[in-house]
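Both of the next two complexes hold chain A, though its partner changes from chain B to chain C.
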Partner chain A sequence: MLQPRLIPVLLVDAQQQLVKTICFGRRQYIGDPLNAAYVFSGFEADELLVLDIDASTQGRCIPLTFVAALARFTHVPLTVGGGVISLEQIHGLLALGVEKVALSSVLSRDFSFLQQAATRFGSSTISVILNVHVPEKGTPLAWCGRPDISMLGRPLLELALACQEAGAGELLIHAVDRDGQRQGYDVPILAELNRQLAIPLVALGGCGNHGHIADLLKASPLSGVAAGSLFIYAPDTQQVLLHYPLSHHWLQEQLPQLQECWI
Partner chain B sequence: MIAHHLVLVISLSCVRIFQSTSELYAILWQLFWAIRPIINLKSPVPVGIVDYGAGNIASLEMALIAAGGAPKLAREPSDLSSLAAVILPGVGHFGPASAALRDSGLAQELCRCAIAGLPLLGICLGFQLLATTSEEAPGASGLGLLPLSSQRLRPRNTILHKVPHLGWNTLHAVNVCPRLLHGIAFEKRRFYFANSYAIAPDPQMLATQATYCHEHTWLALLERGTICGVQFHPEKSRSQGLQLLRNFLALALECG
Partner chain C sequence: MSESNAPQRDYQICSRCVMDTSDPWIVFDSQGRCNHCSDFLNQRLAVTAYRTPSNDGLERLLASIPRGRGSHDVVVGVSGGVDSSSVALLAQQAGLRVLAVHLDNGWDTPIALQNVLQLAGLSGITYEAEVLNWKNFKAVQRAFIAAGVPDIELPTDIVIQAALHRAAVRHGICTILSGGNIANEGILPVCWMYNPRDSRYAESILNFAGLPQAFFTPLKFGFRKELRCRLQHRIRTLYPLNQFLYNKDSARQQLISAIGWQSYGGKHCESTYTRFCQLIYQPRRHGIDYRRCHLSADICLNLVTRRQALAELARPAWSDLDVEHDVAFVARKLDYAPAELNAAMANPPRWYVDFNHRQRLLGFAYSSFRLLTGRRKASNF
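And now, the complex of A and B:
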C-alpha cells in the first residue's frame, strides 16, 4: 500500500540561512539548513523539500555547492528548487544525488521548458510548484513563481491540467494566503484538484497540527503532505524544535481509518 | 590484618575477572574469524556501477560506500572486468537507455558477465532493462536476461492511484523471503518508488519474487540465481535500503 508522504519543507534565503516565512512576507530565522536536513534525515523523513526562496528574484540558481553538501548529509529522497532555468542546471542537480527538481518561476516565462525537462529527465524527476491565491469570490488563481499583481494568475485547474499535459511528475500546491498561518489546508480545493488530476499532488501551506492533515487526507488521498511550521516549531509555539517521528507514528496509526474513507 | 585480607580478596577476584574476560576475548576472536569471510570487514567489495549517462549515480555511489562497497563507474566493456558485482541503475527513458547500452558495447558484455555468474542488480529502469521489451519504447529491446516485459501503469481509480507511482510502498514476498530482504524487519519493508512503467509478476517463473500494489500487483523485487532486480530505489530507502545493498554485496562475496 502506497502511503501519503509527510514532507518537511526547508526554506533557505540568500545567506543560506534556514528561515520560515508568513504569507511569503515576514521571515523568522530558524538556523542552519544543513544541520536541519541532517536531523530530518536522521528521523528518516519520507522526503525533504528544500527551496531557495531568494534565488529567482536574484536571477541565480540554488547554489550547487550547497546542494552537494545537502546530498552528502542526507539519506532520504531530496527535492530541491529555486531559480532553476536551464536543462544543464537540472542535470547538474540530479548528478549530485537529488531525486527531484522543482520548477516554478521559469515556467511563467517559458512554459515549454517543462516539456523539455520532462522529456529529457523523465517525469518522475520533475516537480512543479504552483502558488495559489484564493480570491473571496471566484475560482482559485495560480502562478508559477511569485504571485505578481502585474501578471494575472490563471485558474488553478486550467494551469494544473496544462502542467500534467506537459509531463510534470508531481504538483506542489502552495497556498500563499495560508503560508505560516497554521490554520489548516484548503481542503475543498485540494480534494477537487486531486479528483481531476492523474499525477501525484502535494499540499503545502497552512498546516499547524495533525488534525489539519487528518482533515485533508480524509477528504482525499493526496500523494504528499508538506509542512514547514508543523515540523520546525514546538506545537502551538514559535519556538524552534525540529521534530518528525511523532507525526510519522501518528499517520501510521491513522492509516487503517483513512483507507476506509478512500474506498 | 583486615587490609591484607581485603587486598587478597580483591586480587583474587581480579584474577577471576581477568580469566573470564580473556576467555570472552578468545571466544570473540574465534567468532570474528568465523564470520570474517561472510561479512568481510577488511576490504570493501569492488562493485561496478554501469554509467550510460542516465542521471543520478551520486546517491547510489554514496549508499554503496556506506554499505561496505568500493563503487567503480563502468563506462566501457573493459571496465566490467575484476569486479565482484555490478549494478545497472537507471532514471529516464527505456529507448535512449537501451540504445546507449548497445552502442557502447556494454549490453553484450553485461549479458556475458551475468551468464558467467557475476552478480547483477538492476535498479528501477535498470531492472526493466534486464527484461526483453518495454511498452515505453516498443521498438527497443532490453538485455533479455529475464523473460519479462514492462508496461505502462494505467490505473482506473486515478484519485487513489497516481502516475508516476511516487513514494513509499510496502513489499509482499510471493513465495520464500528473498535474500535481498534478509535482516529487514517486516514493518520496515517499505521502499521508495518513482516509476510510470512496471513489470507484472510471473507466477510460472522459477525465481524469488516480491510484489507491491498499485491497483494491481506489480513486481517490486526479483532474484533468479545471481541476477537480481528491484523496481524501487534502495539508495534512497533509508536504513532498509542500505541493508538491501549490504545483502547484495554479501551475495557477491559468496559467489566470489
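And now, the complex of A and C:
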C-alpha cells in the first residue's frame, strides 16, 4: 500500500547558512544546516532534501565537504542538489552515501545530460526539479533552474513527460509562486500530472499545515510531499522550531481515509 | 601565557559530600568538610522553601506576579530540558500567560525540540524563537576552547540571559521565571563555571583567541545591562523551583503525563554541546566530573548516601555514549579536524584566574545590591 513520503526541505545559501525563501526571493536565516539535518535525521524523517540554492548561479557544485558531513551525521535517505553539471560530480556525491542527486539548471542547457546520468547511475538515483509557474490564463509552464524568460515557453506536462522519457527517477514539482506562502499546494495541476505520469512525483511549494497535505493527497496519491515552512516553523507561527513527528503521526492517522479516496 | 595560575594541590575529598580538589580552590575545615556543602547547608538552603512545613510557597510566588502590560505575564526560557519545561508548565497551570522563548545556539537535539513543541502547543503559552548566527557563535565557542578554560558553555549562558531580557523588554513583561534551582545547581565551583555577567572575562578570552570584540556584542549581557533591566524596566527574575522540594524524577513524571514529554539520558543532554562539555571535554582537560555537584547536593538533601554517590562516580559518566561519534560531530561543527579537537583536550588546562576578570568589583557590586534590597546571597556571585 502506498505511503506518501514526508520530506523536509533544507535550503542552503552560499555561506552554508540554512535559509527559508519566500517566492524564491527574500530569505530568512534559520540556522546551521548540519544541525538541522542531524535533527531531522533524529526525527527519522522519511527522506531529507538539501539544496544549495546559490550553487548554479555561482557556477559551482554543492560543496562535497558539506555533503560528506551531512551523509556522515544523518541516517535517513538523502537527496542533494545544487549546481550539479557533470557525471563526475554525481559519482562523487553518490560515493559519499547520498541516495539521490537532484538535477535542474544543467538540463536547461543540455537536456541530454539527464539520459546520460540515468543510464550511467540508474534512474532511481536521479531526481529532477521542475520549477512551475502558473499564468493567470493558459497551461502551467515549467523550466529547469533559475527563472529565465526564454525558458518559460515549455508546458509543464510536455516537459515532465520528456523527463520521464529520458529516465528521470522522480520529479519534484516546485511551485515557485507558492514558495513560502503557506497557502496550500496547487492541487488540480499536481493531481492531473500524477495521472499522466508513471514515475514518482513529489510536490513542493506552498504547504502551511496538515490540511494542505490532506487536500493534495485526497485528490491524488502522490509519492511524496515536500515542505520547508511546515517542518521549520512552530505550527501557525513564523518562529523557528524544527519538528517532524507531529506530521508523521498525523499522516499515519489519515492513511486509512486517504486510501479509501485512492480506490 | 603558559603555566596556569591555579594552585597545585595534593588530592583531597570532602568528608561529607563528594567534592574534591578537582576544584583547585576548594577549602576544607578542620573536620575535612568542604566550603561547597557547608555553604549549601548554611546559606543556600535558607533561601529555599525546602524545609518550611507549609507548602504554599509556589502558589504565593506565582500569585504575586503582576499582569503584563501586553499579552504576556511572564517570560520563560525553554530549552526542552526538565527544569525549564517544569517552570513553563507550572506557570501555565497557574493561569499565567507565558511567553516561552527558545534560544537556538546550533546544538539543539531532536528530543529537546520535540519537548519544546509540546509546550508551545499548550493554551496560554506563546512561542518565540531566537536563532543565533551560527558562524558568529561558532567563532566564540572556538575561542573558549582555544583559551583552555572549563566553562566553554559560558557564551550560551550569557546569551540566554540577553535573549530573555530582550524579549521581556520588547513585550513589556516584568517577570522572568527561571528554571534555576538550588536542589540541583546549588553546588557548582566558581572555577568550573565562572560568572556570565563578567563581560571583561569573556572579552579577554576573545582577545586571547584573536577574535574581534564584534563577535561578542550580540551575546553580551553584563552587570550594567542587568542593572538597567532591573531598575529601568523593572524586570525581576524569580525561581519557582526553589519554592518546594524540587525533585527531577517527579518533575519528569509530571511532564510525561501532562504533555507527553520525552526523556533523554543524563542531565542537560538537551544540547549536544552541553553533553560534550560535561561528559568529554571537562573530564579530559580539567579532570572535572560534573556529577560531583549534583551528587553532593543530593547528599546534603539526604537523597543519596555518600557511599552511593562514590559508587556512582566510580562508574564512567559516558558509558552509554558513543564518544568518538560525539567528538567527530562537535569537531565537524566547529571546523576542527577530530585530531585537532582531541589535541586541544590534551593540552594543559587554564582557569578563569588566568584571564582578565572583575571578580572583586562585581562581587562588591552584587553584595551592595543585595544589601540595599535585603536579599540573601544564594549563588556564587
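We take it that the second predicted complex is superposed on the first by the 260 of 263 C-alpha atoms of A that agree within 3 Å, B and C clash if a C-alpha of one lies under 4 Å from a C-alpha of the other, contacts with A are read in each partner's own complex, and residues count from 1 in each chain.
Criterion: a contact is a pair of C-beta atoms (placed from the backbone, for glycine too) under 8 Å apart; a residue touches a chain by one contact, two chains touch by 3 or more.
Keep in mind the model is a prediction, meaning the values are calculated, not measured.
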item	value
First (chain B), second (chain C), both or neither touched by A:Tyr29	second
First, second, both or neither for A:Thr237, with chain B first and chain C second	second
Partner chain(s) touched by A:Gln17 [first = chain B, second = chain C, both, neither]	second
Partner chain(s) touched by A:Ala71 [first = chain B, second = chain C, both, neither]	first
Contacts of A:Ser108 with chain B and chain C, given as first, second, both or neither	neither
Chain B versus chain C as contact partner of A:Gln181, first or second or both or neither	neither
Touched partner set for A:Thr125, first chain B, second chain C, both or neither	first
Dominant contact partner of chain A by residue count, chain C or chain B	B
Touched partner set for A:Val39, first chain B, second chain C, both or neither	second
Contacts of A:Thr139 with chain B and chain C, given as first, second, both or neither	neither
Those residues of chain A which chain B touches in one complex and chain C touches in the other	72
Chain B - residues contacting chain A, complex	55-59, 62-63, 66, 91-93, 158-170, 190, 192-196, 212-214, 233, 236, 238-239, 242
Sites on chain A touched by chain B in the complex	1-5, 44, 46-47, 71-72, 75-77, 91, 94-100, 121-125, 169-170, 194-195, 197-201, 220-221, 223-224, 262
Contacting residues of chain C [partner chain A, same complex]	102, 104, 106-111, 113-114, 116-117, 120-121, 127-129, 131-135, 328-329, 332-333
Residues of chain A touching chain C in the complex	15, 17, 29-32, 34-35, 38-40, 42-43, 69, 72-73, 234-235, 237, 239-243, 245-246
